[in-house]
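In the two complexes below, chain A is the common chain; its partner is chain B in one and chain C in the other.
Our next item is the complex of A and B:
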């Protein structure tokens, strides 16, 4: 098993931040003034980080033993059919838990860009098509998917049973040892992996500091924010209307849209996007309507309950968060746009004919100048942190687990962080 | 009372003693009546033909899905016929040449994509329409987009005149104001209202009641049915005007050609929630009656 410190997770973000810092020196000379309406809209993109709450659908959300177990399993290649693919193969910590490829490559090459995992706890739907309504279900699928890890419940159980540390932490997290016949084993493993992913929260970005400085009317602190990023922010909020979909502290409304991106899949087919995702989700026994949802109130399943595929969903893909973009290139659902400049240019030169006349009315070609494109890119880069991600607690050792066993937390215990 | 409602209404009569044979006949008749009142089992059959009244085959579609492949998609979807328009018209002609039994051509006033908003003020559209109409046969002019007072602009007026001259339908994507203005220009104009104007069923009913030659397609809308069940307000509209609605996919991007089969199945599912005769009319018979027969007459 490979343990990789998340210290490196934002190393590449640091490079972008360094470039950003170079441009900051001029910022103080030309700090722009925002209107009251703009200030209100800027404030709505924070504060950051968001308060962390456990996932009610995952009884080990926030459980230290589960987090430890999930952390180990995330990097464990033994779960895959050929023993060579782990979750981290495609979700590389050095790349914001993405892989830098246009489309993911596990046991085979897929058709979609691998989504990054930073701040994943705050997402509503999972996957470009929202084919999952919870993180543990989204974490389970790749383990079994023949084109990704190609694993099985038996293989997973075997790994857990034959690894004393894993078995110990599984026992601590779930109150029982792993058994091959346990139909919940895979779900529990996925819940542990989800519990670990929920800890991946990126630090505050230059934008966050600017936003906070504005909120507390600290003019001196605001001047550190580059002028180009400020101009880009104004475009983002105003003419671009980007914030309509890329809303709130996560810079996404969590929903889906058709932004005119082609969605053919070679050789002869299409990626149905959200339309297929809804169908997949409703058919999935691991959705929040199913028996594995740990929220006895089922309040967390309301969104799923009323979900029905609509024609407009065909070719819609998730509105992604805009945080941490410099390390998660390439972009869009199929990774077809290599750079942030390409992405901005896509919206600048939008092909309206690809949008239904009564559909995405908000999308219009922005017709941006080169300078405006630079500004928007500067703003987007400012949504990434300039400091390294805090190092996660050092994983417990087997002896620590065993020593802790007499005082093992009950499965439903949650730890706050 | 609408005719469809009349036929489905139970007949309440005083009960009188009957001879055995008459009683048997009465029982069989009652059984037949009860069966006909049930949701249309035959409409749920995946083989229910579909007349897809809203298909586009523009240049990017024929580049990615050549005519033979496109026709294969239509046939596999179980379409009886499809009314096709494209930007440019070349796409429609390519498809019509490939399968004249399947394709009902409609002339779009767009020479290329991107003229959706500009065509109403572009007078070079007029000779384009005139030349194509002289050269090829069509069932309609459209689908075109026009809203409000734009319908009174010279280019739109000329399109309405040409439709009258060639006795063609207008496949109009627009609001009620545009519909009204076109019908002032030509009270006899036959209009297929694309997407039923994305209007509420009550408004659609009002318009259909007011204009006897107005028909409506249901393309790219979901509000009339969900999970195979017809929305109550829409049910009233369908039962009141079973001869005035058609279904359609709207392949506004080339990828949507791969949605035609699924859309046909989705349509079959909600049509099965209507009486069989209504389901068949909306599913395909209206299209056949209004458009396909018209093309046959011209051949």
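Our next item is the complex of A and C:
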């Protein structure tokens, strides 16, 4: 949890790179021929990175002072009831902002797997059940959640007031000092933390370079992409039908699905998934239909406004992004699958009785051979960067705050350093 | 009419002024940059526009993104008095519909705007329009291949 620590994530990714390079040199000459239809589908998974635009619902999105503040608070354990849990406790930068556990553990152990936060700006729904329609309300929830941080507006305001650098950045971002009596305080803090998380973008992966090389018909450059990954890609787009849900540059359509994962939780409860998420969302005063949405046009609230609850939502979970998977194990909403091989095996041996009778009929047990499983895993791994992850900027200091004009730096400045 | 959409890249302002200028002429306008479906006398022309926050540029139907539809109802070459009552879509092969419930606004003179649409998966979608013409309900469908 230090600012230099993204190095070891790097080492991990570096290892993946070395392995890819190995398999590449063995079979480099055997480049696949993709059909025109396949080429179109491959192109649809890029380009990467996506253009960054400020979040219209968050007035400090892209604001330098807010980004400083949010960065500091993300690592600040003082926001929690016992002074020991920070966002970074579960969202560890070394692990793509995940924690390596099956389910998150703060003040208590939860029932869901901690999602990684790289590229989180591009999500439509937040949480495995999509219980939030914006990044700042998903960032406010854990501060108050008694099993995660168990904090309060009172506690947050006192942390801000008693830390000159934080108070200064808060003042610069919001034009006022932090006050516990301010009903907006927690929302503002969450908006600052969101502004920082929006800057977390993963660099281009071997897949992205392959995709770009195909797009510009640079046959030489395509050879660098391992043949196993190419075979995996073909499976992913074709027989596997994976891209039906894991679509676009983020490898998710941003919606929800049922993949036959069990939804029972110990001791004898169930996780209703999307069905509960829609209820939670509509009851939340911090949703985009509510007064804290900074977009006066409410154009950013389309998803929430037109939601249509369906019977099949029970047991549906968000289709996760497939970028950066090697560092974010274990997998699925309950963290029950330890490795990517386990996930691919799950799709290979799918228990059809577990799938909704009235729902999606595109998932079938794929009955993959061991080689095909290897190929799909090689492809999934190729969606992670092999170069250095962006180094996190330095934490906020008082002198930085005094020296810095608000908005003087754009978030991109930070990533390229 | 089954098959892929191909939208001419007419900027919306231009397209709108064409629609306005031809309100008394042909209905739908000859240069309609969308799709036309008909049943009996009733002609329905529609085209997708990106969601308001994405900059309203006429486009093919985007995958897994919200979009709106501009719909025009015509009869015998003139604006129809029929009312667009319902617009919806489903994926017959997948046996599911959209995750969103669209809402229709009447813009007058046979023009309607349908908001809140999203095709969240690639594949064949069947668009369904329900039009109330007097006491009659007319259903029109149109296939869209989304990629």
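Please note the rule applied: the second predicted complex is superposed on the first by the 382 of 417 C-alpha atoms of A that agree within 3 Å, B and C clash if a C-alpha of one lies under 4 Å from a C-alpha of the other, contacts with A are read in each partner's own complex, and residues count from 1 in each chain.
As a convention for this text, a contact is a pair of C-beta atoms (placed from the backbone, for glycine too) under 8 Å apart; a residue touches a chain by one contact, two chains touch by 3 or more.
Everything numeric in this text was worked out from a predicted model, so none of it was measured.
Trainee: Is A:362 in contact with chain B, with chain C, with both, or with neither (first, second, both, neither)?
Mentor: In the superposition, A:362 touches chain C alone.
Trainee: With the two structures laid over each other on chain A, which partner does A:253 touch: chain B (first), chain C (second), both, or neither?
Mentor: second
Trainee: What is the contact status of A:262 with respect to chain B (first) and chain C (second): first, second, both, or neither?
Mentor: Touch status of A:262: first partner only.
Trainee: State whether chain B or chain C is in contact with more residues of chain A in the superposed arrangement.
Mentor: C
Trainee: Which partner does A:238 contact after superposing on A: first (chain B), second (chain C), both, neither?
Mentor: neither
Trainee: Pick one for A:310: touches chain B only (first), chain C only (second), both, or neither.
Mentor: After superposition on chain A, A:310 lies in contact with both partners, chain B and chain C.
Trainee: Following superposition on chain A, which residues of chain A contact chain B and also contact chain C?
Mentor: 308, 310, 312, 358
Trainee: Can you list the residues on chain C that touch chain A in the complex?
Mentor: 51-53, 63-64, 66, 93-103, 115-116, 120-123, 147
Trainee: List the residues on chain B that touch chain A in their complex, please.
Mentor: Listed in rising order, the residues of chain B that touch chain A are 58, 64, 69, 87, 113-114, 116, 145, 173, 195, 198, 220-222, 226-227, 249-250, 252-256, 258-259, 263.
Trainee: In the complex formed with chain B, which residues of chain A make contact?
Mentor: Against chain B, the touching part of chain A is residues 262-264, 268-270, 272, 275, 308, 310-312, 314-315, 351-354, 356-358.
Trainee: For a test of understanding, state which residues of chain A touch chain C in their complex under the given definition.
Mentor: Against chain C, the touching part of chain A is residues 40-41, 44, 56, 243-245, 247-248, 253-256, 295, 297, 299-300, 302-303, 305-308, 310, 312, 358-362.
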